Amino acid sequence: MYDVVDFILNTQLGLNSPDWVVMLISHLIVVAILFAIAPVQVLFLTYYERRAIARMQDRVGPNRVGYEGLLQPIADGVKMFTKEDIVPVSADQRVHLLAPIVTAAPVMYMFAVLPWGPNMIAVDLPTGLLFFFAISSISTVGLLMAGWASNNKFALLGAMRAVAQVVSYEIPALLSLLFAVMLTGSMSLMAIVEAQSGLFISTTDVPNIPDLGLGWFVFTPVGFLAFVCFFIAALAEGERTPFDIPEADSEIVAGYMTEYSGMKFALFYLAQYILNFLLCAITATIFFGGWQGPGIAWLVSQSLSADNPAGNPVYNVLAGMLGTFYLLAKTYAFFFVMVALRGAFPRLRIDQLMNFGWKFLIPLTMINILSAALWIAITRWGTAQGFGIIEFAGEPSNLVRWLIAFAVTLVINVAAYWFLARLNIQDHVARQAALAAGGLAVSPPRSA
Amino acid sequence: MASTSPPLPNARPSPRDLLREQLATVLPHALVTLPDDLPDLIRTADVVVHADALPEVVQFVIDHLGYGLLSDLAAVDYVEHGLFELVYRFYSIGGGGDLVIKVRVPRDQPDVPSLMAILPAAMLHEREAYDLFGIRFIGHPNLRRIYMWDEFEGFPMRKDFPKQGDNYIGEGA
Amino acid sequence: MITTDELQINIGPQHPSTHGVFRMLITVDGETVVNLEPVFGYLHRNHEQLAEVNTYLQNMPYTDRLDYFNSMANNHAYALAVEKLAGIEVPERAEYIRVLMVELTRILNHAGAVGFMINDMGAWQTPLAFGIREREKILDLFELVSGARMMCNYFRFGGVVRDLPDDFIPRLKKLMVAMPAYIDELERLLRENEILLARSEGIGILPREVAVSYGVTGPVLRGSGIAYDIRKAEPYSIYDRFDFDVPVGSVGDVYDRFLVRIEEMRQSRRILEQIIEQLPDASGGHINPKARQNVRPPVGDAYARIESPKGELGFYLVSDGSTKPYRYKVRAPSFINLTPLGDMCRGYKVADIVVILGSIDIVMGEVDR
Amino acid sequence: MSNDTLTHSLTFTEAPAALTVVVDPTPQIARGSAVVVERRRPKAAGWSLLQGLGVVVDHWRKSFRKLDDTTQIAGTFTTEYPEERLPLPEAYRNMPILLFDDATGHELCTSCFQCQRICPPQVIHMTQAKDPDTGKPVPAVSEFIIEYDACMSCGFCAEVCPFDAIKMDHNFELSTADHSSLTVHKTDLLRPISYYQSIAPTFWAEAEASAYKKLETNKKRRPATIGIAPQMLAQLKAAHELRDDQQEATMPTTAVASAPAPATSSAAPPARSAALAASASDLPTDKAARLAAIRARNEAKAAVQAAPATASAAPAASDGGDLPTDKAARLAAIRARNEAKKAAEQAAAAEAAPTLATPDMPPTDVQPAASEQAAPPAPTVPDASLDEKAARLAAIRARNEAKKADEQTAAAGAAPTLATPDVPPTDVPPATSEQAAPPAPAVPDAPLDEKAARLAAIRARNAAKKAAQAEGE
Amino acid sequence: MDLVVQIMFGVTGLLILGAALMVVSVRNIIHAALWLIACFFGIAMLYLLLHAEFLAIVQVLLYIGAVAVLVLFAVMLTRQIDDPDEPVLFQRWRSTLLIAVLLFAAVLVPTIYTHDWQTFTDPQPTFAGPRELGFAFMNAYLLPFQIAAVLLLAALVGAIIIAMEDQEQRRVRVLTLAEEVALRREREPSPPARSAHPQPTSSSTTPPPVPPAHEQAGEGA
């Protein structure tokens, strides 16, 4: 955006504006676009989910408001706005009011570091990935505030569950993303996306691979396992089925949202959907190349930039559009998976969720970090870095190194998955054997 | 659980006769002999036992006749004859017809020993009979109203309960 | 050191998963249920006393409203009771039609029960939607014969209201094609699902030894491993003419009840197949005995019971020789199956109790009467 | 054990021999066995989850086809209600309605109190009509109230009614903000027989003969205007005014308000029947039959065009506002037809179509004598006039024409196939021609001659259809 | 540019001070915890002003996302959250204040005197990036880092010990129905009075009424 604004203001119009004016204008434009479009299309996400899940259940879904019900989210919004705002008498009024704000505001910040296309990012923070999750952790405070301020047992229970769940699953989420930081050596989301050019093999590993924007991390065993782990953790963070325990309507009514109505409720709802959208987007960004895709590289090479002052700004716009399209397409595909999961599965119990997180997911992500380290060692390092094992048979080409790394990490990850799954299933098998044997479901009390 | 075993029930004497016969030998004091000149409505061919002996009889029925499924407990208010009749209906898991034990208690003092000590199945049945008929089950751990609210006065299924008007609603209403 | 307090929580009477206005007063220690007391009566309408001021026939539509999922089964039990009391014979074809309707009812009830149970586990409506889809097809058939989808009021003493319309059997045959596909798909979706296993295995166990003493019947009892099915144990109507198996569980937990229900749908379909095969023509007698509007049974009492989809549904009638029952008592399976609820939930988590309740499959119309 | 009264303790070791009869409590199962359900384990970790996901996604994929095939389990089965409606089965019961005879307006109810007695929630209330002169009760009802708000739609009233006077309506869109409007009085309960016939043709066909017979007996016991549907009374009055000034003849407002509900539901059958008649008439190769059919169709079309849109949209309402003379004409026509039928039966005509025979249908071979026989009952209608006679004449003439065509068809030895590809057999209600009748003549301000012409057209069409059917057979 | 930074610093400082004051002065301890979060947030902003983005983000992630949430969590579980009878300041607050001020001064005064107030150096952008922090932890500050780690471990162990229930006092967890039946089966393998029954599957093994939900450990043995 900076380049384009600079081009228009200084080159085309010849205003000779100072640097900071260009920066301010470009930032303002980006922020305006983000805040105008992002919530609206997140609003559309609710419609998307309802239609998709209806289709999965042989229904039609909302199709009355507007063409095929496209205006349904607007109608919902109007309904929310016009609803009475009820605050329980015994609620803590100020905290009750603040809670939805504290929940919803941070998720909007998360858009700041999301790369939409080549050079299309509001702020390319060097610590973007960390920022993303740090900011999202503020939302949990909002949930706690909501649960506590409502002065309702269900709300408090829901808030407790939400916080316990989000805090627990932040660990596997961050651990599974660590591999990308290790592989790219940067926490900037832009750098992570740019590292995923190539064709099934990232150009960072094998530089002479043709760049079709398909060198996604998910094609490596490390990336794939991390993707699976991260997506599961993201489901828990976004409170999606089968981890929608904090708002398990069949148990605790609506969790921390029980005592909210009207626009405050809508804010929670909006925050949740924005978070879900962003989690899908970050999944797409880190594992599926974000805006990377066929054609981007060529468009970028034709476009105007500091390196290529002869480029045509039209290509900037085209590259941006295509990149945004790729990102959104991937994001919506992941959201579809989320919806399908919601359609298919019951939810876990809170203790089962914790067991799964701590006993299965975290060990798995830890092993994955080991795999990632091995990957780097095998593909990049040599005797110079003190890791000469790979060079025992001379100077292997990058491709051979990549293949070896692929095989090694594949074996490690599959073994890890198999081992951990087996551990968990053994538990299950023992339980079932006990059940079948005599009906004594659980071991007798410990003290007896 | 083979499919080949023949159906049992029809070959045997009816459960009612069996029970009467057995009770006559084992628990003769439990049986009530009804006079012959009872009005039609309360004349019955089923086994009627003394309220006091009910737990014994039920224990016997469960242990020695195999009728362990307490299916139903119906209270009937024979207001003109001044008595409540409790119809305990047992079934055998082995199949076959019902085994009915009837207990008759005077309307003015409807006390019956609870079966909760023997069969947890009696819990809701007895609470229901208490709530709607006011039959007191001695020994029931939680004999409270089940359908009507706790402040309700009177027992709505009794025949002499007013069918109209709202003055029977307790203070809580 | 750190001590925890017990907390009392009301689940219900207005709660998404209490299947109506039902309240469970639970005492929890942390998330573990220490005690649970069911509280009823929010839907009580003194059905039994209402019946005492109505004639025998007038009570028929009220039985629809007991377990509004299975109005046909309720009709059947009541008709059987009155027929037993008054000594009324039922023509052959009417018997077949009755059994046909009740078995359809069983399928639709179990489709709904399984769906609602999975819903209570937190599935977002999908198994339920699939069940409701099949249920709709069956309800269409009910509407075709009786004129109403849920409150069928189809049975009469000594027969049914009217004969099957011409397009009933073809439509039923179509449905018979869809049914196994539906059941297979449901199994594919859920039977081995690890989340479902985690939520249902070993949860809410009602051990075999004590199941009978709690007086439970129906799928709950069979899930505990006791093959007690009134259709087999004391065959009524014409159930002794059909081949079908009685599915039983081995452990008695929620999962077993779920499996038993699924298998019962298959067995009901088997019965339906046999009915279609054997259905006699209309020559066996007039199936709508209009003349029996004013039944006046002799003095006496009668109890008739059927294997309703939820368990043993019985009607105890005492006649004083008039056109109105002197005493009318419903032995409601939903109600009696709640007897062990408190004990079954003890020791499990709060999230489990809604599942256990769902696995019992209650309808408040029947519980509160 | 808590009861202290228990004094006797059991010692079973001394039990007599009889006690060995212990029932074996293992469940006995005949014709089948107890099967223990299999508790499966997942084959591999996560595999069953993917399988479940596959089921759901498969449904999503298949949901883009719209289905109503009940053998399928995947697809969109949704009927989008206000626009699309499921066909209601004949047996469908919603709220009770009362029937009256289309032609004369006589109510079928005789106030026998059967329904009031059987009604479980006791929402039916009626008052028996009294002869104003003698004060004696007559077999008619002066007021009839059903509390729709408390009615439980059990259908007992319709079931017990010995006169087929009370039937269950199919209209289920009863929601209203006005609670008091759900206490429905006789005027609003009354529907013409033709309406019920349109919603439940076979049911009515079963009941028709006895119902008309009983109605005839009852009519004799009713004095003058008692037991005539109020909307018909209003019509009669309106007809008198009309005769004075035809231009100002408008539909009585009461009648409009009386029966608005069934309008939409009964609007369909006539159009459909016309189409059916048309399509059926396309089949025969015989030119005469086709000509007659085309002519009839054209006439019918003209009649429909003549009808104002509003009136044709609300046939039931306009039924109420029917012109008496027209009624009379129709009545005459019906009478004539009935007579003709009798005659036909006596004649034992070979061409009568037995498979589709319903009491409504004029037999294919109407003897010329039959129409003459039809004349005598006509004078019983009080308001018979010249116009009406003309109409009747036209009707008879049209029918005769059609009959000729029919005879020609028969002579030609039509193809005996039953195949009518355009018309599924179940879709052809036997009484379509009758259904077609009410809306067309219902136009209030159409001149009488036009009425007559239209009536003739309808008759012609019916006859043409008959011919087509006869030929089909 | 400097002016903007100064203004922002002032605002942030006010926020931090105000929030800190509220933490110690509000009655409702939940509110106190929420003010604490505001205070943490202000400190994160200070880091940002110093171009220490990484530190700022870590501050948010750890102090707000984890520490403060845990504090809130713990506080919410306590029984008395808002007691109007309790005075905000306890009785010897003057002496306490004095000690606090003295301690604060003991830290602040030497800092003020040793600091070179004349030079304002714009910190490098990589002043506290992840790489620098990592090197610092692993080189210069290795010992403090390790000590802190051991301290945290000790805290962890302590928390587990506190959370563990006393073995003697511990309530046996509630028995489920199945466990209860199994236990009963163990205790009385074959009921003697009912040995006449051939089938173990019979309904004759009806249990005594349901025992109380809680069984003490002593009873269980």
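Letters A, B, C, D and E mark the chains as written, and numbering starts fresh at 1 in each.
Following the convention adopted for this analysis, a residue touches a chain if its C-beta (ideal position, glycine included) is under 8 Å from a C-beta of that chain, and two chains touch if they have at least 3 such contacts.
None of these values were measured; they are calculated from a predicted model.
A comparison of C-alpha centroids places C closest to the centre of the full protein. Set against the C-alpha centre of subunit E, every other chain centre is closer than that of D. Two chain pairs, C-E and C-D, are weighed by contacting C-beta pairs, with C-D ahead.
With centres taken as mean Cα positions, subunit E sits 60 Å from subunit B. Averaging Cα coordinates per chain places subunit B and subunit D 52 Å apart. Averaged Cα coordinates give subunit A a centre that lies 64 Å from the centre of subunit B.
Averaging Cα coordinates per chain places subunit A and subunit E 27 Å apart. Across the assembly, subunit E contributes residues 173, 175-176, 178-179, 181-182, 185, 193, 196-197, 201-204, 206-207, 210 that each touch 2 or more other chains. Multi-chain contact residues of subunit B (touching two or more other chains): 1, 63-64, 66, 68-69, 93-96, 117-120.
For subunit D, residues touching at least two other chains, in rising order: 12, 22, 24-34, 39, 41-42, 45-46, 49, 52, 55-56, 77. Taken together, the subunit A residues at the contact with subunit E in this complex read 92, 95, 125-127, 130-131, 133-135, 137-138, 140-141, 144-145, 148, 156, 160, 163, 167, 170, 187, 438-442, 444-448. The part of subunit A that touches subunit D in the complex is made up of residues 52, 55-60, 63, 340-341, 343-345, 417, 421-422, 424-425, 428-429, 432, 435-436. Chain contact summary for the complex, subunit C toward subunit B: residues 40-41, 44, 46, 48-49, 53, 210, 212-217, 226-228, 232-234, 248, 299, 301, 303, 305, 312, 314, 316, 318, 320-321, 326-327, 329, 331, 335-336, 338-340, 343, 368-369. Residues 53, 56-59, 153, 241-242, 244-245, 248-251, 253, 342-352, 428, 431-432, 435-436, 439, 441-442 of subunit A are the ones touching subunit C in the complex.
Subunit C meets subunit A in the complex at residues 7, 9, 15-17, 31, 118-126, 129-130, 133, 189, 193, 195-199, 201-202, 205, 207-208, 250-253, 349-352, 354.
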